[in-house]
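This is the structure I have questions about; it appears just below.
Each chain carries a letter (A, B, C and D) given by its place in the written order, and its residues are counted from 1.
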Amino acid sequence: MTLLAFARGPALQAALLIMIAGIFWRLAGIFLLPPRAQHAAPRHSLAGRIGGGALMIVSRFIPHHTFWPRVAMSVVLSTTFHLGLAIILLGGAPHILLIHQVTGLTWPGLPKGLIVISSGLTLASMIVLLIRRITHPVLRMLSTVDDYLSWLLVFLPVLTGILLAGETIGGYGTLLALHILSVELMMVWLPFGKLMHGALVFAGRWGMGMNFARKGAAT
Amino acid sequence: MTDFTYLPDEGLVDALIMEIADLLRRLIEHGEAGSTVLLRLPLSPSRLTLDHCLGQGEIAVLLDAAGRSTIRETSFPGVWWTTHADDTGRVIAMLIEVAFVPHIVRADIDDVARGCQRLPGATNAARRARRTVA
Amino acid sequence: MSSDAKAAAPPAEVPNAGQVAAAVRGFIADIGPTVALALSSCVHCGRCAEACQFYVQTGDPRYTPIHKVEPFRRAYEREVGPFAFAYRLLGLAPKITPDELARWQELIYDSCNMCGRCSLICPMGIDIAELVERARHGMFAAGLAAADFLGVLAEKEHATGSPFGLVRSQFEDMLHAVGRDHGVVMNVDKGTADIVPTVSSIDVKMYPASMAAIAKVLNHMGASWTFRTDGFDADNVSLTAGDRAGQRKITLGIVKAALACDANTVVMPECGHSFTEMRWEAANAFGEALPFRVLQITELIAEGLSVGRIRVNKVPHSATYHDACQLSRRGGATAAPRVILEALGVELHEMEDAGATNWCCGGGGGVALIKRAQPLMDKAFEIKQRQIEVTGVATIYTSCSGCRQTLEHGGKARNWNKTVASLLELVADNLKD
Amino acid sequence: MDDRETMTETLCAMLARRGFGRRSLLQFAIAMTSSLALPPSVAPVMAANLAKAKRRSVIWLSFQECTGCLETLLRSSSPTIDSLIFDFISLDYQEALMAAAGDAAERTLREAVAANKGQYLLAIDGSIPIKDGGVYSLTGGRSNVEMLAEIATNARAVLAIGTCAAYGGIPKAYPNPTGAVGVDDLVSGKPIVNIPGCPPVPEVLSGVLVHFISFGRLPDLDDRKRPLAYFGTTIHDQCYRRPFYDQGKFAKSFDDAGARQGWCLFELGCKGPTTHNACASLKWNGGASFPIESGHGCLGCSEPDFWDAGGFYTPLAGGSPPGWRNAGIAAAVGVAAGAAAALAARGRAASARHKAGPSPEETP
């Protein structure tokens, strides 16, 4: 069995199954804890609270005006990185193909040039984010193995992806196998570390939005 | 293939035109002949485009050796479109040559010498041939 | 009130193993999905630091809000997280050591106002202020609540219902004395009443006029009201100290008092944390929706103004308004004070970041009661000072006695010519006859 | 003229004898340099070298094969200018082509080996079965393994022609009942040139032979011992549909609008990106076309284990996902484990509450 066949077959299956099981495990482990009933009279109706939850999912992408001078760097970098990643993931034709194969959903892809530019921006922003993480006193103190591992496991697919798109070093087959394997590594790690925020971010914002709408608190 | 609304390799044609221009400059400045091979380029549908761009010149040479070849000057003097085919007509080489006269057109000195030896007997040979036919 | 406390702040003592175990139990005791989600979500982006006055003013990374709940997170991952067994097995979240717990006392108490600015910036939607409140449960359970005024007051409150150990008869005498001093009729311990106002122990000790002011306003409204000495001091120092049992005792005391006189409204004093506790948590402690409304005094006045039950004279002058975090950002009572100021014809010069993103005075979350936190608090206060100075006004109104005290204290230390005043008292002094 | 004389006659003399001038040789050299991707300026040098060169003995052994490779090479080259190359090699042993049979054939082989010891080129097509002592393919009672070992010993170089000889090919496909392997797995200490393909592009063999004859050495090889000139790039790199790939324009079926527009066949399973070969430029059937130009994706036939590398119509970017059923089971397992963790957590929290006293959440 070639590396590529392994990556596309058993490794893909194992990684996906581990990821799915892990995500559900973690979600169940969080959401099946005893919920805290809220008996106080809410300031807003249920509809208002749902609106608050939905709004916060969107509004927390951009910080309040007053925070900007202090967090502009962080916001710009991470937005670039996340947006770039989303463009690559959802716009790259081979990715759409894989999603189509797994889920049956499909949509038109973006030109490869755009994907390459996005990959470049993503890669660059990730490197700067890493440098920041290492040099900024707050980030250095907060960072754990999880942060660096998660960074690496996202960086590798982007790197191998950009090499694959450029087809500069190594053969397409090898690069493709490495690219797929690196994604699979990331998938395996996803439920257990900070990468899980991809799912938790929506739950967190939703919950906070609902809660703050209930209290009429500032969002 | 002719109903293509968009030729995917037009960029390649542009690149080739640039290269040919470069070869022409070298020919003018240093008298250096050059050529570029077309057959192994992924040009499939738009070789026609390149042909169309270069156009037809004043001179064409027909070579009938181990196979049949045409060496045709394009509308740009010094730029020759050379196609070598085998004896079944299959194209085995295709290249753009940039030269005052393509190398293969020039007679080889050994061939000339051999011909020179043969020449005095040419009339006898021709008579012999006529007799055989008669 | 600081003059009353005798105990000096002892340094954080290294706890024993039993205390650490108690802390862990305190951390995990009321774990639920919201807290679990919050503790699972942090991506270590560090933005919360930029929202926190203690970090902004000192540049010390330890004051990063999410870092303050690190022992809490570790306890969660290790004891009750989805992968707790793996965390224990592989030592991924090492056991909290006594040393660490001692070091974290300063971070969980001294350097957090629970102001919730960090909760406002967190891209993951983690309510860090809420996490700190819960982390304090663990610290308190371990006997590691910041030991000086905060700890002492909380202990007394738990035992007697009042941080200063005042008993019902003392309340009653005091109220009548205040009534006499200010020439206002005081209703105390009536059998039935629609409105039951409460006070903060800061009012009792520092601002007795504000108790008279409440009475004036309620009398002006012609309301049926009464102070209840069995549910009187809403301060709830226990909440900020992390004493869940004490917190519950105070809260339920007020609920019972209001129920006893069939009240339809409980009015919370000019105080931050007591409002959020009563408004949002009392019903949970009670176990069902409360049969009465909980209003902060500014909400009651704003409502009275809008329906014409309260009429005030215009007193045009320039002033700024300091939002108490728990009332404005956290409690949703941001509009009420502004409605009142407008009715009074006060020309309001808002500070930068007023309302939703205001900066805490520095004393919130019980920090004002921790003596050793004083230098840190002063640092935080500098932001407020700067912002107030920019407005160019001489008067600062606020609706929180805690903020009022902190602002006055900070001003005094800087020889300020600014006046810090209560919005309630301003209203009480300018009621139309 | 007997064989011995033929072997010593130069190509130039032979061509002159047959009425061809230097131009023919140059024409041929141009075609060959073009095929070998050498600069056109090398053509005159190659022509001059060829003029002085001598014939080479080639011994061709067929093992576990289908004769498709030989068919392709013969059919494409017999009437063409490449046939010149056949004038220039002495194909001393080829079972399918030679008149001799049986003992006579075996004798021919022995003589050819003896006469050209250390000089002949050994061409192999077909894989070599090594299971059970190699009994699955015998010639004159001798196993392929045995013959290969013996004849390769005295060869100047070994040419493994076709995917079977190069990598084991289809006989090696799962479950590989005969234990088929390629030449490279058995022969060591000899230069080996792999010319994979099922069948291989005939011009590649011509190119390798001409290179060897005119320059006296084998062309540059890649890490899989394939001539770089032909296998240095992928089909994808040379594909005229490549721009569509770059633009993200893909045919979704063989008869949709995209397919008619000549869009990229990547999503229909084309293995062009992982396949190294010269099809896209040299093409097939006299340069008429190649599979992608004819509307079908590349099968990747010149790559090792191409038969087992997933379906021909499975896109490269795709894989074999676990399926909804398995995903559902994984999710259920996850939920169960998570629920168990939550249950354990509830227990721990309750015991913590019990030890710590009443909580504000409890009803009075």
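Here is the rule we go by: a contact is a pair of C-beta atoms (placed from the backbone, for glycine too) under 8 Å apart; a residue touches a chain by one contact, two chains touch by 3 or more.
Note that the structure is predicted; figures quoted are calculated from it, not measured.
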What chain lies closest to the overall centre, CA atoms only? A
Farthest CA centroid from subunit B: chain C
When centres are defined as mean Cα positions, the distance from subunit A to subunit B in whole Å is 59
Please report how many Å separate the Cα centroid of subunit A from that of subunit D, as a whole number. 41
Rounded Å distance, subunit A centre to subunit C centre (Cα mean): 37
Using mean CA coordinates as chain centres, what's the subunit C-subunit D distance in Å? 78
List, in ascending order, every residue of subunit B touching at least 2 other chains. none
I need the residues of subunit A touching at least two other chains; which ones are they? 25-26, 28-34, 36
Overlap residues in subunit C, where contacts from two or more other chains coincide: 30-31, 80-83, 281, 284, 286-287
Chain pairs that touch, as defined at the top of this document: A-C, A-D, B-D, C-D
Using the touch definition from the top, list the residues of subunit C that touch subunit A in their complex. 30-34, 36-38, 40-47, 49-51, 55-56, 59, 61-62, 64, 66-67, 80-83, 116, 119-127, 276, 279-284, 286-290, 293-294, 328-334, 352-353, 355-357
In the complex, go through subunit D and note every residue touching subunit C. 337-338, 341-342, 344-345, 348-349, 351-353, 355-364
In their shared complex, at which residues does subunit C touch subunit D? 22, 24-26, 28-31, 79-85, 141, 244-245, 247-248, 251-252, 281, 284-287
Which residues of subunit A touch subunit C once you look at their complex with the stated criterion? 25-26, 28-41, 43, 56, 60-61, 63-64, 66-67, 70-71, 74-75, 78, 133, 136-144, 147, 192, 194, 196-197, 200-201, 203-209, 211, 215-219
Subunit D residues touching subunit A in their complex are 234, 236-237, 245-248, 250, 266-267, 273-274, 276, 303-305, 308-310, 315-322, 326-327, 330-339, 341-343, 345-346, 349, 361
